[in-house]
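Presented sequentially are two complexes of chain A, the first with chain B as partner and the second with chain C.
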Partner chain A sequence: MKNLLSVKELKLVYDSPAGKAHALRGVSFNVEEGEIFGIAGESGAGKTTICRLLMGFMGKNAGISGQVYFNGDDILKLNHKDLYRLYSRKIGFLPQSIASLNPLLTIGTHITETLKKNLKVKTKKILKQKAIYILDALEFSDSGQVYNSFPYQLSGGMNQRALLAIAFCCFPNLVIADEPFTGLDPDLRDHLLETVRILKYKKNISMVIVTHDLKVIEKICDKTAIIYNGSFVETGETKDVIKTPLHPYTRSLIKAMPENGMIPTWGFAPGALYNDAGCSFQPRCPMGSKEKKKHIVSFPVSAGNNHYVWCLNAKN
Partner chain B sequence: MLKIRNLSKIYYKGLFCKKPVFSLNGISFDVKHNEIFGIIGKNGSGKTTIAKILLKLIKPDYGTIFFNNHNLLELKGEKLRGFRSKIQGISQNYETALNPRMKIKESLKEVFLATGRKAFNEITDNKLEAMLNEVGLGQEHLNRFPAQLSGGQLQRINIARAIALRPELIIADEPTSNLDVSVQAQIIHLMLKIKKKTGMSFIFISHDHTLISLICDRVAIFNAGRIIEIKSMRNTEKRV
Partner chain C sequence: MNKIIVFKSLIYKPYFYFLLFLVLAGINPFLISGNNPYTTNLSGRLEPPSAEYLFGTDNLGRCVFSRVMHGARISIGAGLSILLLSLLFGGTLGILSGYFGGWVDEFVMRITDIFMTVPTIVIALVLAGSLGPGTKNVIIILSITMWTGYARMIRGLVLDIKNRHYVETAKTIGLKNSYIMLRHILPAILPPILVMATLGMGRNIIMISSLSFLGLGIIEPAPDWGAMLNQGTAYMRTAPHMALFPGLFISLTVLSFNMVGDELGSPGNGSQFFMGAGNPGSQKGIR
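Entry: the complex of A and B
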């Protein structure tokens, strides 16, 4: 399959009063057409930073280095006009919070505003037809009523589905979702996941899903990357990463799930200011020792089937 | 310890023709000493409403709440202030629960205003440090602002604030739903440790069935403002 998005050695360094802070320390991944790529990790690891970089929300002054190729174009080098065209038609964004909806506009207006950028014929009737079509696809029982409702008139789950409708309404090539199912009850979450899966198959849409919920990753993602303190620690097919985790951090995440007895790994991530050349998980690592801290883990160890681990002890 | 009988809360929907919506519809349950009582339900089933009523942030329309044989809904003035230190809450939104313009030190100290101005003035940095040590943080966090801490650390500070006055009941409204699994496990273990040490009771609200079944003694299942089942968790041997 063709590569749709290709990220190479993406880094973000910014100046803080305490020194240089490394929000991202060289992240590389590829997303193929019709593939869902999941990124999981704890808060502060750099998940949202990746989303913001991919969406071009970071200013030109931020210390960004690396390449992000979308359909062959380097996004980081495009001018404002081209970027606007790209983001309004080819890349959709699914934000985390329902607070992203404008409380003064109806759901219908939200969707038609996005559609206007993409359709050649912009009569009210056609825009409404298209909006109702996408609302129907998301299994709203009364699409006409939802079209005319304001966000406060809908429940949290319905608003979340409305956000899905806005992100998917012009059927973009790629949707970037930043913690899309956080705070929803499991029934509703599974229902939305199923809807996303159906939309993806029907329209061959690729997705990058950033989440801290490993259940979402397990249910929907084809490939997964685990991120810790600004760098990937393990990447591969989801079934490999979740079923046979090799990095001690991935193992600790899986052990900490309520189903597996909630065994915590104590301590905190060292944060963006950590500037040691060695592995940043070493202070919390159950296999770590002082000698191993000296080793620089800048290249991954392959475990076959595109499964890579950034750990020298992985094979033990 | 806590006795809730026939509690109802009605909201009115619509601008002109007011249509009543029962957020809570005749809720009754008891919470015993040294117990973790779980509340589980879908979004919009009235879980957060009951937490708000117990913290006296909103008033119910019908029903009674007895806390240690005092009717909560009739308390006023000085008596109400004394009661507030006995029931504390931990919020779901750890970021918005703290004032972004106050240092952690000031946020922690603010809690003691409930015990009177004199006691408030006597609080020293050492005491605040001891509070932070209790939840696994250190002295270096005292002079930081909320924006300089991670989600897990902020939730620990919220817990430190909640347990500072040694309340008898803590209402935890989805305390871990916005946290990742590894931090969630840390926070849950911390809460269980505090419960063991101090003998507080907890009302633990969540929509994660597995989590509730792991840590709670009894669970009430909410649906559309009603309790449809209260059950005690049998699998005690599996408990964390």
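Entry: the complex of A and C
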């Protein structure tokens, strides 16, 4: 399969009063056509930063380096106009919360304004037909009524589905989801994930899902990357990463899942200001390095089947 | 549905009816007063209020009541024109500078600062002195001087709204900036603008009357409240009604506009005019 999105050595460094802050420390991954790529990690690890960079939202700040190739174009080098042309037609964005719906506009307006941007035929009737079609596809029982409702008239789950409709209505090649379905109950979340999966298969849409919910990763993602303190610690097929985790951080994340006993890992991530050459998980690492030796892990260790881990102590 | 709520609370307010009356007088003053405001009658000058001349007559024997009624057209009409022009100009600049920020913001706000350092009335007087009196000139002059406050205020409102999640999402959809400003930002800031506009209306009427009082605004024989007040001051001892009634109408009109603005601005009213959607708990209104 063809590579749709390929990210190479993406870095973001910015100046803070306390010194240089490394929000991202060189992240590389590929997303193939029709593939769902999940990125999981704790708060402050740089998940949303990746999203914003992939959308080209950070502008052309001095601190950004690396390349984000989408269909052969480097998104970080595109100008404003070309970038806006890509949005919602080629790259869709699925935001986190229902605060992303304008309370003064109906769901229908939200969808039609997205369609209007990308369709050649812009008569009201056709726009409405298309909007109703996509709402039907998302299993709304009464699409006509939802079309005319304001966000406050719908429940949280319905609003989430409306957000899905907005992100998917033009059937983009790639959808970037920034912590989707956070704060929903598990049943509804699973239902929405199923909807996403069906949409994805029907239209061969690739996705990048950024989340801190390993359940989402487990249920829907083909490939997974675990991010810690601005750098990937483990990447690979989801089943490999979740079933046979190699990095101690991934293991601690899996141990912290509800069905595995919710065992926490002590300590906090060192933060963006951490600037040692070694592994940034070393201070919290349960696997020893009692000699306080700094491991230099600038390259991953392969564990076969595209499974990579950035740890020298990883047991095979 | 939300629009009705606003007027529902206004229905019980006497000042609202006073303004309606003035608007009616502005549309067709002959409905209310039978006398011609321009007809002079030198044998009946400075007469006190009577059944025929409700507010008495002035120094040329003209009916003060019909002049006050005809003055409503000038005061409200000119006030509204100034309001719309200054709101359009100041609002556009405010939205642009708030939305784009950076050097656009700096540039617009420094110009606003320059205008704001000089008191409004001083700029108005200088411009009126150079342009000369007349209704059209008054509208131009006051529009030029009154936009700064709106630009400032609207910029501040936009700064708040543009950081909302839904504006950012609109950008990720790839909508044009002009569309986002008109469709996503403007409706959200309309209620405070509405309140600002009603309060500004009172200020405009005072400014028109002040200029007319000083002889730089609307000139004779056009019946303007400020100009009538100016004439009346000379006859304060012999015929106080000449100054009293125009003065009363200026005060009452300004007061009414301010009260309407206040009412619209109070919680559960103006905020619901367009914003009801954002506030699920208060769909039926607080009162």
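Side notes on the structure shown:
Heads up, the rule we're going with is that the second predicted complex is superposed on the first by the 308 of 316 C-alpha atoms of A that agree within 3 Å, B and C clash if a C-alpha of one lies under 4 Å from a C-alpha of the other, contacts with A are read in each partner's own complex, and residues count from 1 in each chain.
In this text, contacts are C-beta pairs under 8 Å (C-beta built on N, C-alpha and C of every residue); 3 or more make two chains touch, one makes a residue touch a chain.
Predicted model only: the values in this text are computed from it and were never measured.
Of the two partner chains placed around the shared chain by superposition, neither chain B nor chain C is touched by A:K243. Of the two partner chains, neither chain B nor chain C is touched by A:K202.
Contact with chain B, but none with chain C, is seen for A:S252 once the two complexes are overlaid on the shared chain. By the touch criterion defined above, A:I263 lies against chain B but remains apart from chain C after alignment on the C-alpha atoms of chain A. Contact with chain C, but none with chain B, is seen for A:S88 once the two complexes are overlaid on the shared chain. Once the two structures are overlaid, the count of chain A residues touched is higher for B than for its counterpart among chain B and chain C. With both structures placed on the common chain, the touch criterion links A:E42 to chain B but leaves chain C unconnected. When the shared chain is aligned, chain B comes close enough to touch A:D187, but chain C does not. Comparing the two interfaces of chain A, the one with chain B and the one with chain C have no residue in common. The touching residues of chain A, when paired with chain C in their complex, are 55, 57, 83-89, 93, 95, 97, 99-105, 113-114, 117, 150-152, 166.
Put simply, chain C touches chain A in their complex at residues 164-166, 168-176, 179, 183-184, 187-188, 274-275, 277-280.
By the touch criterion given at the top, residues 41-44, 92, 136, 150-153, 174, 177-186, 188-189, 207-211, 214, 238, 240 of chain B touch chain A in their complex. Residues of chain A that touch chain B in their complex: 40-44, 155-157, 182-188, 212-214, 252-253, 256-259, 261-266, 268-269, 271.
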